[in-house]
């Protein structure tokens, strides 16, 4: 029996509009990559090519494996400044 | 018989120190280049390699011929900013 | 170093003077200060822009801005750096971002401020949503997002 | 455009704000402002510097500064430019020069301010005489006079 992992998910900008929410707290029972988590969250959609992913405030690639307590964020390319 | 030409001469920075004066008004009786004028003003010294010359507020080369009423300036390389 | 996210209109020059009062104002080792100010225009590509919402990722944004300024401090041996970035609802002519670098020589100050701006545009998690005569749209980055101001030619 | 030679200590940021009040402050076509400030250091190469005299060529200096800014306005399509340059007797930390460029996009503002500074250093008739722990000396330009801050290694 697996220990549940707590994951905090955030969305920004157009991804937030798409998801219809700012954030979500999840308990997952097996280790997932950030890509696999996105599929679980979206009725199995692929991660759009230009969506960026950060875990604990650092950019990661789509194979990055989540750990208990991680904060993962999905957002479009940045346009500040 | 030549008409006299009035020439106003200015010196700046280390050239001013060398010449011991800020400016000088001259009447010359034949057309001179700025180089020839320098020789007349300095007991026949050549113009030092790094001395810049301006006539009426524009840089000129050493063969530039003076005209009546011109203001000629001799100075070292600029170091502003 | 100063990194600040502000959610109301700010006075960039006053912010600079206030920060320098701490220490930099009278630092005789500084020969060069390079400052960049980005302000909101009332147009972008083909449209008039009447307002803008600037979203950011609290926590991650500050972390990246700090990293960017620290990288410039090391690379160009600058004495200090500052970034103040606006978020929230903006109107045309509002300051968006001010970046400043202080150094002994001008090359380093110029290059540091430029690098900080380019890295900020490429990495710092901010997103602009414009209110235009054609409706709201998220601003899309340019191809490299490091060559020119953000521009876009279609709504998203 | 503003070109000014001042013979007393000036406040660069206040000068900028005062100038912008005319018109630029609320110009929604401006997206980018690039500002460079040169200040007097208390050292140069191998020596402590306690004071400086800045001489210029009244008339020719203003003409060259105007030409330099006009060239940048045309080359980079900047909306406006400003140069204020100090002359007379200076102390360490005194502002020497402020250059500003305003444009739609940041590339143009950055490049214009940089070009104006390099041209000013190469062409505008100003001369610095430093008072150092080893006596007075006229500052010599660097080889190209366009690559780095003025430095020198011998008295003149």
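Note that the chains are named A, B, C and D in the order they appear, and that numbering of residues resets to 1 at the start of each chain.
The rule is short, and it goes like this: a contact is a pair of C-beta atoms (placed from the backbone, for glycine too) under 8 Å apart; a residue touches a chain by one contact, two chains touch by 3 or more.
Worth saying up front: this structure is predicted, and the values here are computed from it rather than measured.
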Next on the checklist: Tell me the fewest steps from chain B to chain D, where a step is a jump to a chain it touches.
Outcome noted: 1
Item to check | Centroid distance [mean C-alpha coordinates] between chain C and chain A, Å | outcome: 27
Next on the checklist: Based only on mean CA positions, could you tell me how far chain B sits from chain C in angstrom?
Outcome noted: 50
Next on the checklist: As a quick test, compute the distance in whole Å between the mean CA positions of chain C and chain D.
Outcome noted: 24
Item to check | Euclidean distance of C-alpha centroids - chain A vs chain B, Å | outcome: 75
Checklist outcome for this item: Where chain D touches two or more other chains simultaneously, the residues are 38, 117
Checklist entry - Between which chains is there touch? => result A-C, B-D, C-D
Next on the checklist: Which residues of chain D touch chain C once you look at their complex with the stated criterion?
Outcome noted: 13-14, 16-17, 25-43, 92-93, 104-107, 109-110, 114, 117, 147-149
Item to check | Of chain B, residues touching chain D in the complex | outcome: 10, 12-14, 54, 57-59, 73, 75-81
Checklist entry - Within the complex, which stretch of chain C touches chain A? => result 38, 54-57, 59-60, 63-64, 85, 96-97, 117, 120-129, 138-141, 145, 150, 156
